[in-house]
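Multiple structures follow.
What follows is chain A paired twice: with chain B in the first complex and chain C in the second.
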Partner chain A sequence: MTEENKHCYIKEGKLALPYQYFAGRVGSKFLVSLRDKKKILGVKCEKCGKVFIPPRKTCERCFEDISEKWVELSNEGEVTNFTVVRTDDKHHPRKAPYVLAMIKLGGADTPIAHILGGVDPDSVKTGMKVKAVFADKAVNTMLQIDRFEPVN
Partner chain B sequence: MKKHKKNRNVAIIGIGQTHHSSHREDVNQPEMIHEAVERALKDAGIGIEDVDALVHGNMELFEMVHQPDLWHVIGTGGYGKACYRVTTGGTTGATIVGVGDNIVASGLHDIVMIIGFEKQQEGHTTGGITNMADPLWARNLQTGALTGATAEKTINEFGADRAKRAAMRLRVTLDKHASLNPHAHRNFGLDYDQIDDLMVNSPQLVGELRLIHMCSQSDGAVAIILACEEKAKKISKKPVWIRDHVTVHREETFNMFGINENQEVTHHNAARKLFGRNGITNPREYFDVFEMYDPSSWWGLDWLREFLQLEGDEHLKMVENDEVSINGSFPLNPSGGVISTNPIGATAALRVAEAALQVRGDAGAHQIPREVKHALASGFGGTFWTVLFMLEKDLDWQEAE
Partner chain C sequence: MAKYFDVSVEDIFNTMEARFRVEGAKGVNAVLAYDISGDGGGKWLVEVRDDSVKVAKTDDLSGFSVKTSADAETFVGVNIGKIDGTQAFMSGKIKIEGDMALVAASAKMFTRYSLPKKSAVTVQGIFDTLVARFQPQNAAGLDISVGYDITGEDGGQWTAVIKDGKCALETGLRDNCAVVNIVKAKDYIDLILGKLDPMVAMGAGRLKLKGDMNVAMQLPKIFAKFEPPKEEEEQELIVIKRNISVDMKYSTGPVMGKFFEGLIEKKILANKCPKCGRMQVPPREVCAECRCWAGDMIEVGPSGTITLIEIIYYSSPDPLTGETRETPYAQVHILLDGIGTEETFWHLLKNEDLADTKKGDRVRPVWSDKRVGSVHDIIHFERIRD
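Now for the complex of A and B:
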């Protein structure tokens, strides 16, 4: 405590913040496909040609309704960027060190963030070819893909 | 009082709203908002490329989402546009229309879309509302709009039976209005012969504020497109002119030194200012419809007096004589009002939207059965934060001045 903040009182408080997040019909169809068919779906805007994942109801540029314009994406893709998580935290999905990567799947125009496993963190490079490994159980979130791993 | 003068005229040229419901599992937040945006653009007959700027608003933290305006760009069409995020509690919906009005009137933008939304089922409203309180100064919990004080005040002034009967009559009247509005969240099919029963049997929330008196918690969105006079006349066959709006917040519910019975209520102050600078001497005569932000029937009843600058028991008589019903001489909330539909960040914007639909004659089954030339719409929130709008069918008031 310094002289400047001596006698400056603080009231400790705590709020419980329960919430729900609705995936919506479009997001839910994507999750069901991951879970039941192990297929990764995107949606394509026929006007600008962009393929979005995660899927969305509307192309934000063209304002086209693309909710029914499903395209199947490859389960393989490439790392466009990554970071190595080197600190442990109870909220993290893996023990440190692990890799969080941006992965652009074959057929998609937008990369997704996911865990990259089965690899020495120090050997990860952008452009690395990776493939999805699906979870064995129903998760019903993006972690229905458990992780990505290098193709070889 | 100094006359109100705008830099340039502003009109409402497009209105879109979602169906309002207690839950919308079928859509996420941007998808729900997009429904309103799409309908407003279609209503105006323009594309998103014609919109210069967006004003996005909701109740702070109700969905527990940080910077929702950024997450929502997928649905709002805000990509590459000037976007503003505004939050002023329950008043938000009215404030965003006010911001739109100001930025178009100023000349900064020609066409602006305002978007109000709430998806309350996803978040936790208490989380947002509790943050209104300052725990350091011994206010550990804030409960928002649930108060029995207005019921008690009205009962003390007019007697229990007459006051309770008038509040419940207003409740039934607005339920009848809501039943005509296909977008409304709740209508119960109430009728006047249930008044005695409801006065006793509706569960008490606080004192004589009963469950049936209180507004809902809804999911929904509204979008309103505003344009400058030049563009509005080109684009729209039925522009609705925003003649003026006023914002007042006096926070008289925070009484540090005891309640001053004679203190002017914020609503009264806002209306007095707005009418004064526009030369409206008899608002009850002048306005053809009033869309009021009525969070409870007790407030709806009491605020009729404040807004219309009434004396004595005139406001009770207006309800008792059915003047406020859709077929009456001064229709109040033909949409069913907040009491039926309350997606908070959209709620006050819906008052302006519904008032504008009445002016256009496009309200459908809840259109009041005579010409609407002058409409009044109010927003309310927090500890009294009032925004009050005057809408006009014709651009003729300036010559009269």
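Now for the complex of A and C:
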């Protein structure tokens, strides 16, 4: 330690930002169904026929109110795209390496992004058949589906 | 009883014991006094002791820990969430005397007052469905009028005119009714919902039938049973509270570093400008006035005089934890002894001193036992009362 930096210190600090997220009426029904019935719900636009997941209030194409047009989707689907996360960050849901995949569920027209587990990251392929594994505890977020795993 | 937003002051106090939350009142022993002025007002004492609560209307408010005075409308509005409490306090509509921290704590001790649910079934609602409930196959050949004289609040008079296998409903009572049902609105709803037996009601004189009893006996066949509208189940709405926490690092540099070293030794260090002689605390690299390198470290204080008090009622989150500090609390600007006349040092005031401390009062630091070189090595400043 030189004379110049003798009195210099590095102080650890934090910038904590509390926030509150409201899932909304449509989002809440979706999450409660995942939690209590282990059923994945989407909404269908009766005008264009598209089935959206996660459910939303308004059809993004027709601007129709679709908030009450619930349809039950399959717990199984196929990988349409994926990426392998290879860096660690405390905000990430898993230790690296893990797979984030776009999964199109049976009955849906839009894919959802989720964690794909139970598989070697290097052997994931698009078109792979996967199924939802639900969390045991109440999570009340999209991680109420804990992960997807390949269907054997 | 005067009502504000459909609620009376009495409603608030009468439900207070039922709204008490033991988990929110842990360790609280206090007497909360309320002096509510205006129509429907009065004086109440709410005693919270050993995880229980006692609410009493009284004339004598002496011996309170904190007293809240407000007009009836403001009081009800704040309690049911229609009026912002902080704003009402700032504008002087609510006055608080005594331990102010208890007022904030009382929000945790009681759940919010909510309006009792009104029955979804109304007399009007029953008559709205009467024609739809008419059973023509059970009314063949009938040519009669049935009168309903529903008395009391939300009542009214109706006549069902049955002819040629059809039913029409008129308001008011026809003179030629074969039979007239005379009953209070509340009893009528209970009769229709099956909560009140017609025979019992007649025996007790709560249901009177004027006219042809035979027609009256046929009525349950002529009209199908009323199905109350299903109450919509309240949807569970999901709200998630989280904290994003980003790690930060702060490099002190040698000047601030020396200031922190001083705090560990219970010393508050300032530095002095060699040119203008001004003192700076916390010390900085250069003099803010002359822009020359500031010089030697000089110990000041640790006692001082308050030049400004800032009382915080609406607190922002602590960046270290994301938790919001309990309010009210006070920040003070202190002119430390030996610093001169301008350069104040900022810190917190001890909560117990909040009620009676003012500008010009003398304060001293309360040091933490575990000092690590941080502004929190001083817990807060307290009043010197000797």
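In this section, the second predicted complex is superposed on the first by the 136 of 152 C-alpha atoms of A that agree within 3 Å, B and C clash if a C-alpha of one lies under 4 Å from a C-alpha of the other, contacts with A are read in each partner's own complex, and residues count from 1 in each chain.
By our rule, a contact is a pair of C-beta atoms (placed from the backbone, for glycine too) under 8 Å apart; a residue touches a chain by one contact, two chains touch by 3 or more.
Here the structure is a predicted model, which means the values were calculated and not measured.
K.L.:
Taking the superposition on A as described, I'd like to know which of chain B and chain C A:Cys8 touches: first, second, both or neither.
P.N.:
Touch partner of A:Cys8: chain C, not chain B.
K.L.:
Quick one: is A:Leu17 in contact with chain B, with chain C, with both, or with neither? Answer first, second, both or neither.
P.N.:
Touch partners of A:Leu17: chain B and chain C.
K.L.:
Could you look at A:Val26 and tell me whether it touches chain B, chain C, both or neither (first, second, both, neither)?
P.N.:
first
K.L.:
Taking the superposition on A as described, I'd like to know which of chain B and chain C A:Arg56 touches: first, second, both or neither.
P.N.:
In the superposition, A:Arg56 touches chain B alone.
K.L.:
Where does A:Thr141 make contact in the superposed view: on chain B (first), on chain C (second), on both, or on neither?
P.N.:
second
K.L.:
Please indicate which partner A:Gly127 is in contact with in the superposed arrangement: first for chain B, second for chain C, both, or neither.
P.N.:
After superposition on chain A, A:Gly127 lies in contact with neither partner.
K.L.:
In the superposed model, which partner reaches more residues of chain A, chain B or chain C?
P.N.:
Higher number of touched chain A residues: C.
K.L.:
Considering only the contact definition stated at the top, list the common interface residues of chain A for chain B and chain C.
P.N.:
On chain A, the residues that contact chain B in one structure and chain C in the other are 9, 11, 13, 15, 17-23, 25, 27.
K.L.:
Show which residues of chain A lie in contact with chain C when the two form their complex.
P.N.:
4-23, 25, 27-29, 31-32, 91, 140-141
K.L.:
Using the touch definition up top, name the residues of chain A that touch chain B in the complex.
P.N.:
9, 11, 13, 15, 17-27, 56-58, 60-61, 63
K.L.:
Which chain B residues qualify as touching chain A in the complex?
P.N.:
24-31, 34, 38, 47-48, 63-64, 73-75, 77, 79, 119, 121-124, 127, 130-131, 135-136
K.L.:
Please name which positions on chain C make contact with chain A in the complex.
P.N.:
235-255, 257-258, 260-261, 317-324, 373-374
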